[in-house]
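What follows is a single structure, written as structure tokens, with notes after it.
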Amino acid sequence: MKAKIHVTLKQGILDPQGKAIEHALDSLGFKNAENVRVGKYMEMDLNEHDKAKAEATVKQMCEKLLANTVIEQYRYELSEK
Amino acid sequence: MKFGVVIFPGSNCDHDCQHVFEDVLGQQVEMIWHKEPTVSGLDAIVIPGGFSYGDYLRTGAIARFSPVMNAVKEFAQNGGLVLGICNGFQILLEAGLLPGAMLRNRSLHFVCKDVYVRVENAATPFTGACKPGQVLKIPVAHAEGNYYTDPVTLAGLQANAQVVLRYCTAEGQVTPEANPNGSLDNIAGIRNAEGNVLGMMPHPERSAEEMLGNEDGRLILASMLESLRKRPLKMVGA
Amino acid sequence: MKTNTADLKELLSQHNLTDDEYKKIRDILGREPNLTELGMFSVMWSEHCSYKSSRVHLKKLPTTGPRVVQGPGENAGVIDIGDGLCVVFKMESHNHPSFIEPYQGAATGVGGILRDVFTMGARPIAILDSLRFGSLESAKNRHLMRGVVAGIAGYGNCMGVPTVGGEVRFDDIYSLNPLVNAFCLGIAHKDKIFRGTAAGVGNPVIYFGSKTGRDGIHGATMASDAFDDESEQKRPTVQVGDPFQEKLLLEACLELMANDLLVGIQDMGAAGLTSSSSEMASRAGNGIELDLTHVPRREPGMTPYELMLSESQERMLMVAKAGKEEECIRICRKWDLDVAVVGKVTGDGLLRVLDQGQVVAQIPAKALADDGPRYERPYSPPTYQDMLTNLNYDSIPDVKDASAALLSLLSSPTIASKRWVYEQYDHMVRTNTIVRPGSDAAVVRIKGTDKAVAMTVDCNGRYCLLHPYEGARLAVVEAARNLVCSGAEPIGLTDCLNFGNPERPDIMWQFVLAIEGLKDACAHLKIPIVSGNVSFYNETNGLSIYPTPMLGMVGLIEKADKAMTQWFREDGDAIVLLGQTRDDLGGSEYLKVMQHREQGSPPYLNLEAEEALQKFVLKVIHEGLVQSAHDCSDGGLAVALAECCVSGPSTPRGAVVKLGLGSLRRDALLFGESQSRIILSTKPNVVESLLSRATEAGIPAAHIGSVGGDRLIVEVERGRLADGDRIDLPIREVSDRWARALEELLSQE
Amino acid sequence: MKAKIHVTLKQGILDPQGKAIEHALDSLGFKNAENVRVGKYMEMDLNEHDKAKAEATVKQMCEKLLANTVIEQYRYELSEK
């Protein structure tokens, strides 16, 4: 299966990058952009056809490695390749 | 000669460049705030290293939009010498003054150490004082020096001798082990087609004084001086 | 506060306040505090901010001297180096945050110490970091170390301040309490030192830097809180650093200061607005009125409690000269900083906090900043102390294979090259680093003068465990020796005292003895302590770290070209050992690595002998008689010799050395950590005069061998030679083991 | 409107981060993950109710700033807040 994982900063955690991008957009004349938040997006192929198993694996991966759950939250989607 | 050193928010080798041109090479230096829309009376422009805009989004991505960059472009189009060091190189890439882009270092780590580079083209305003194939010891300090461009552009760079510096061993062998960041073809520095714009990851300003244990970088800066002296008297941008 | 006793108890424990402290608060206010006020007291009276357990002892430290411009009490210490210049330096811990989130914890630690230094009017020119982790065999510890190093690099590199040195040691005791201490040094003009004072009633109080968010609320109390497994819940209090913002803040500060606009300035560290405002007011004997309405906010709906306690990073508070507001605001805007006038200096000594026209808190500033509780906590030696020190050496077989032992020591991460660490730090930016990481101390030149400053951070926690008093003295002399070997005269010291839970008499005993040791050694060597930091409660589930009084020492080199390095420079040079080798195996890295014992008494120290040695070495270095100088520390003589051979920038050099055994054990001679020993290399023609001058100065000195060849050979002379008496290794192998060990340990997944 | 933007490395461009994660996952025992690719994910609020206008704006933002089309490709979705 194919896994698509989004890792984003938790609410209220400072996002320096988002802040800088918002500032840059503004000075480029894109005045109407707000609350820019930047996160990570990951794709991978999983050698696993059982959806439930795949889910469990991806969740583990996020908890263990892909997301820093101290400051980040994650969500994922699974799809057939 | 008068060198302009551009200061972006987050530049941090600006003082080092000022020091090396003023105190070591005895030249005039004008510090240029990034909001300046025009420059004048300069013989060359240096875009120093650092973390312009924190390197957020992509290194150099935000800095390229600073007003001063239009002036730099114009200066370059009129044949003025532009040297981009480290973050300055990355900015020149984002600004389209040089082809290609930077990826994260293969190691994913910031790397600060002396490396060796081989002068692949000694017939540029930035390497005139070097012998062809000469090996220079110059420090690098970056996390995104992994140069990339598409095969066609790369072929073009090679064909036009636009690859000016390549990472090599102390003996001058261009090997994967000698490559500190995984850059394509061991590229450490390239010039534009016209030859008046150079971007390089290593920091010549950090290796231009005996007290710092290494003077090889000085050759790059001295080359610029030399070529400016030889050049027909026309002050670019003036 | 209208709360029944049950709720009150709950509330107080949430705020780490005791009933007595609460009573004291009531007496000060003459009423019940409201929640905001309770929060403000709790952070200001936390161990971290109030030093309530340590103050009575810190008072004993020597803090004065002819060069001292500013001792402890300000954001950083200041020492005069002549030419109208001063060095401004301090060391800070960020241990707990780094355990919870290694990257951000370490990064914001660096951000904090940088602010402490540039707040004083200095441009930071060097950072050093001192780290302690558990064994790298554990994946968790490798994760911590990778994150911490990346965090320090991420912040320091972006700021353009070189990280030029540091220290990393490993012991399982630090597994659940890693230590992350950062040192920063800056240069300032003697007549342009700024202090955190709110002088001048009516002067405007201006906030600038980042917006305020809900970051690190209770961070200050957390930092004074022993860990337990529930610490997980405290996680969301971790702050995120923005080094780019801090770089702008730095440049803005220096521009503000250059323009003669300020009365006082202070960064918002732990306890943010509360500490900066109350401390500045208290120092000036004034009050401050803050109107939270004007405080720039990152999030809607923030309460006064949150605004006053937030530890959002990259924020500053300044008291401007009346009428200079506009100019200050213009400069801050130039650097894209948020800025707002948030209050004024008052004469009534009160910190008065308004929000939407309402008074939401009103507390005497002095009560928050200076009148916190003081404890003379009881102390007594732990029952296990004798078990630690009493070691019967006859039960330990002497070294069998000295070559193998040396290789094991060189690949012990505490001794192995720290290249993996410092290559991730930009240690060259500012083009002042004339001795890079890898020698006894880092040396940074000061442009526009002939001078240079040398810096080192040192502490052997195992020595301090085995004998806190001796351990602290040994840390002082090693730091000084590292500076002297670099050609520098020690001129000042900052400390970062990392200990366990001070409410435990055995921990308090370690602390009190360590202070005594610091005091005696510094007093003897006449090195003033001008700033510092105490980090207690480095304890998890009742297990405390080794007492670790980290020291950051600064030395001055009048002529930068006299800077010295530790590595051999030329084949044929003579190798000279200064100082006496004794049976000092106690607490050695050798016993730990080869015998798995962390026991015995730490090495013997005689301060007179140490002082004589240092004076002598400094003299001969300045006379230009010396090619290299390296002090013997972890791993003893054999390891120090190996480091002389392989730690240089060029290819390794071999050496051939002969040592007399006398009545010593072989392992003690080769690997014992006797103090007051320095290895010099010199041109052969000056050896004789050097030796005789050493002897005149009363310093044991021996010509033990010469540089050269492609092997490291150390022979131990006595009647006949047995195998174990000899170290004989290809220098390449020595070099590779030492250079690669750390990287190999860390590259395990 | 709310804009969600994905910026990923073009096919064929080596992704050191993805490689590292794949390797780390492998040594953590997640043997069945392959072709890990890492990209950026950005969210922002747009003060713009006309979907077509919003689209045009976001496209511009990506071309100009958010993506470096030498190495990266982008895609975006727009939704009512």
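For clarity, chains are labelled A, B, C and D in written order, and residue numbers in each chain start from 1.
The working rule: contacts are C-beta pairs under 8 Å (C-beta built on N, C-alpha and C of every residue); 3 or more make two chains touch, one makes a residue touch a chain.
Here the structure is a predicted model, which means the values were calculated and not measured.
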item: A-C or A-B, whichever has more C-beta pairs in contact; value: A-C
item: From chain C, the most remote chain by mean C-alpha position; value: D
item: Intercentroid distance (Cα basis), chain C paired with chain B, Å; value: 36
item: Chain A and chain D: spacing of chain centres that average the CA atoms, whole Å; value: 10
item: Where chain D touches two or more other chains at once, by residue number; value: 24, 28, 40, 65-66
item: For chain B, residues contacting two or more additional chains; value: 53-54, 56-57, 62, 65
item: Multi-partner residues of chain C (each touching 2 or more other chains); value: 242, 244-245, 336
item: Chain-level touch network, classified as line, ring, star, complete or other; value: complete
item: Residue numbers on chain D that touch chain B, as the complex places them; value: 13-14, 16-17, 20, 40, 65-66, 68, 70-71
item: In the complex with chain A, residue positions of chain C that touch it; value: 100-101, 103-104, 210, 213-215, 235-236, 238-242, 244-245, 298-299, 312-313, 336
item: Chain A-touching residues of chain B, taken from the complex the two chains share; value: 53-54, 56-57, 62, 65
item: Parts of chain C lying in touch with chain D, wherever the complex brings them together; value: 749
item: Interfacial residue positions of chain B with respect to chain C in the complex; value: 9-10, 12-13, 15-16, 19-20, 23, 49-51, 53-56, 109-114, 139, 141, 143, 203, 205-206, 209, 211-213
